[in-house]
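Read from first to last, the chains carry the letters A, B, C and D; within each, the first residue is number 1.
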Amino acid sequence: MGRRTAIVGVGQTNHRSKIPECNGQELIAIAVRQALDSAGLMIKDIDAVVVGNMDHFESINYVDMWSVLGFAGYMKPVLKVTTGGTTGSAVGHAGFYHAASGLFDVVLAVGWEQNSESDTTAAIVTHCEPLIERDFYGGAIGGLASQYSAYMDRYGATEEDAALVSVRDRRNAALYNPYAHLRKTITVEDVMSSPYIAYPLRLLHMCPRSDGACAVIFAGEEKATKITDRPAWVWGVGSSHGATYLGDAIAIPGLPSLEKASRDAYRMAGITNPFKQIDVAELYLPAASAGVAWMESMGFCEEGGGPKFIKSGVTNMGGELPINPSGGVIATNCIGATGLIRIGEAALQVMGKAEKRQVPGAKVALATGFGGCLWSDVTILGSKPRLD
Amino acid sequence: MSSQKQEEKSEELLSISSIVDVPYNYNAGYYVSQYLRELKENGRILGVKCPKCQKVYVPPRVVCSQCFVQTKEFVPVSDTGTVKAFCVVTVPYTNPNTGEPKKLPFTCAYIKLDGSDSNIMHCLEEVDEKKIRAGMRVQAVFNEIRTGDHFTDIKHFKII
Amino acid sequence: MERVAIIGVAQTKYQRNSPSSHDEMAFEVAQKALEDAGVSIEDIDNTVTCTNDFWDGRTISCMTITDASGSSKVPTTNVEGDGTLGVLMGLMRILSGHFETTLVVAQSKGSVGIPGLITNAIFDPLYERILGLDAINSAALQARMYMFKYGITEEQCARVSVKNHKNAKNNPYAQLPLDITVKDVLKSRMLADPIKLLDTSPVSDGACAVILSRESATRKISRRPIWIKGVGHCSDTYHLGDRDLSDVSALKSAAKRAYDMAGISNPWKEISLAEVYDAFSYMELMWMEGLGFCDRGGGGALMDSGFTEMGGSLPVNPSGGVLSAHPVLAAGLARIAEAVLQLRGEAGARQVAGAKVALAHGIEGACGQGHCLFVLGS
Amino acid sequence: MTVELGNTGSRIHQSRIRLKYNWWLGNVGSRFYRELRDRCKIGGIKCPQCQVVYIPPKENCPKCFCQMKDWVELGNTGTLITYTVVRYPLPSIQPQKPPFALGIILLDGAHTGLPHLLGEIDLGKIKIGMRVQAIFREIREGNLLDIKYFKPLEE
């Protein structure tokens, strides 16, 4: 059996719309240095590295080889994982497996993206099957808009319901998270008066495109407890990536992959009542609509209950289950890093290091990743080692 | 700290710009080739049936994702169907096929054709979001001159 | 460490302009690997795919084969790199204790894009790409430096090509089985001095699949498991000029890790055969040195000795190697699949008699910046 | 549109991915190209720990991860450590019509090599170890080809 594994260090850049002071590798180095410092480690203490981004956003092939300049990867084992929007969470999971396998003790996971270097939507469009789907896909924006159209049709959810999620996440980013990209509070009226970018989604329903990097350090139990007396223990991971054609996946209300991935992660973590047992969640909600439509998929509310759940306020800071104290993806989206930032933020919460965005007493945190053909990754972290 | 910042500001930050242009000969393979050929020659939309769960997939593909068995039987499906989800795309972006701005707006629709169990992505003629809703019935409009290209051989879907 | 075995392997025939699409190739090998292992898709509890967005001309290229690789119902991830790294990922997942049996599928269709443009994108857009660097001319810079430093001759490199294309004649999956002479290689079209057409690997389409399983789960199956004894991976630094291109430190470091894990102290004596990533003929000579089969600079003399030929004491690339079929990403996985066939004694006409321990090797990036190798044993 | 692939029955969809990119040079890279563009000076950067002078300069030492701040002005001359003559055409990425020579040059004062073009040179007479000199372009734009090429140094 593999060994217990924990997160011992987290680092991230000050995410912005563009960061011309750094090339990509230097951007990575900022996050890596911060993660090392937070764990009191040196780069020589790192036994292996896993890195990820999306190739066509910066048009760099074999990014694993390119990225070594971001962490002095000379003579280090390096491996790249890329699964679209879920890249960051997949990188995190790969970091976990590296350490849990016993092959490597201290593992650095790096996600990054400099979206300002290209036309993000154009690059995303190329993830569609080139003969059947590429020409009519409106990028992630179009995909998420279509998905919400199906949810609205089935459950009577509205654009305003989704707007509440934008308001919540942008407020958290503005008040609590110095690393967030968009740091201005907005109102439901602001969202509803912003233009449609793809009906039924409006500009302020959607995440920005950001430059940024995130680094998370995983360690096996023995090393982890030496490095810090308060690591974030990995309790459970789950991952579900189905479908090749978007047509197979998009027109379903809710998010079946998230349902499956969270079920697997809950089982591994011993979670039976997620709403009660989870203290804080960092969710990859690329559009505010997802913050309504996907709540049921994690078992936070009943089917179709998303609008009511959000309106109740339980997911606000101070509520029973705060969602996205960091401001989430609505405030910051450096795509290859985004899923890893969720894991890093969840780790900071259970380590008690989340500063102004700390949920008091958070003991169990959940992080998700979303991407590809509506795929999901779920990670559950705890402040204490899970009882096996 | 502030003087250093200013010094940085006075230093011009540069970048390297380039157009990356890579041609690709995407291979349709056996299954999608049958689909494109049928579209071109007979103006018919072809699906493929899973021998195990009997689900019909459009476009045809080698494997049923649920049963992991090879599909073998091609079956024509109707040119009419139901919109399961849609969006009207108005956000400007570059068409990666050409490097030029994408023509807007367009309606991206996921359509479940009668006789099939999956949705096919195409565009609707209608681009006014007020006139479209999920659940609407639509029909494919074929091009007179067809070249075996899914994007143009079906001109668009019209609302019935 | 709990023992992990390779219980199934499968390859497509490698060819240029294969009529199959990416997913059709992936499904072919996934299905055949299951058959080879004698297990069903229900026995697979996770998958790893290896695809590359540049080669496939598609962002999130793993999406292309999600269904075809059996990834739709079980946790999957995509290693964007050589297939050897995909197997490493699968191994780590099993060793973590959370999985029993991993299906690894790698595929590539080099004929879809233009390899020169795709490999140009490996180089730094800020300082290198504008020079028109690609896989061939960067390899030429490396070959020249290596050959100059150690007195390796073009004939010695040519001999690698002659040997491997000849070996390919015994491999039904190979793309370029050829009867050629050293003279043919030397006279073939000069691409970038000192690299000539027959020093290079072809553009290939193909897929390969491998199934890994933890020891406790291998009892269920009848086929003889081939054990993973050791694995190591390592990277050099990035900028071409920052690297000593004639150096093989990254490979040495990866090999040391793998040998230590496998308990190998004398690789030359203890390893029965090696399948290495010979994207260019000179590379096989360099990798011999990095793998500790000879001293630094001894790769040429080792080739001359005939020891690495079929029938020699350590046959290298009995399959014909990457020179005879180069489906990028799948190529390293094919090295593993070939090593497994050898250890099972099922390698047909290319069988190395009495093979007990085999080495399989993959590279990553330009001029072998990254390496990953496995030591496998029966 | 799609075309047949030989007589295999498979269809080929001829398309492309064509996108514009703008890669940030960052503080260090911008300085390198400003010096090159404005002053015809080639800069390197020295690791305070390894004492290695890197070109192109970068913020972090590739080997020890130290932050590097010591700018080193390098000479225009150096030694060729490897080369090739490219003889196949790939017009969309190649800076010259083939045949043309590429080399890695160890500039005087640097410890790492700079890949670049070789010019004003007999393609049959290139030798490792030969001394070369940077030739700058008249109109410089802030990219690597502000150095037109390196040519043999007459000593």
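We take it that a residue touches a chain if its C-beta (ideal position, glycine included) is under 8 Å from a C-beta of that chain, and two chains touch if they have at least 3 such contacts.
None of these values were measured; they are calculated from a predicted model.
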item	value
Maximum centroid distance from chain B, chain identifier (CA atoms)	D
Computed distance of Cα centres, chain C from chain A, in Å	33
Computed distance of Cα centres, chain B from chain A, in Å	27
CA centroid of chain B to CA centroid of chain D, Å	41
Where chain B and chain C are represented by their mean Cα positions, the distance between them in whole Å	35
Set of chain A residues in contact with two or more other chains	20-21, 23, 56, 59, 68-69, 74, 119, 122-123, 126, 130-131, 134, 242-244
For chain D, residues that touch 2 or more chains besides their own	2, 5, 9-10, 13, 15, 17, 19-27, 29, 62-63, 92, 143
Multi-chain contact sites of chain C, meaning residues that touch two or more partners	19-21, 23, 54, 57, 66-68, 72-73, 114, 117-118, 121, 124-126, 129-130, 237-239
Overall pattern in which the protein chains touch one another (line/ring/star/complete/other)	complete
Residue numbers on chain D that touch chain A, as the complex places them	2, 13, 15, 17, 19-29, 58-65
Residues on chain D engaged by chain C in the complex (per definition of touch)	5-6, 8-10, 15, 17, 21, 23, 25, 29, 54-56, 62-63, 81-88, 90, 92-96, 102-104, 112-117, 128, 143-145
Chain C residues touching chain D - in the complex, by the definition given at the top	17, 19-21, 57, 114, 116-117, 120, 124-134, 136-137, 140-142, 144-145, 148, 189-195, 237-242, 245
Of chain B, residues touching chain C in the complex	16, 18, 20, 22-32, 61-66, 68, 70
Complex contact set, residues of chain B against chain A	8, 13, 15, 20, 24, 26, 28, 32, 36, 57-59, 61, 65, 84-91, 93-97, 102, 106, 108-110, 112, 118-123, 129, 133-135, 150-151
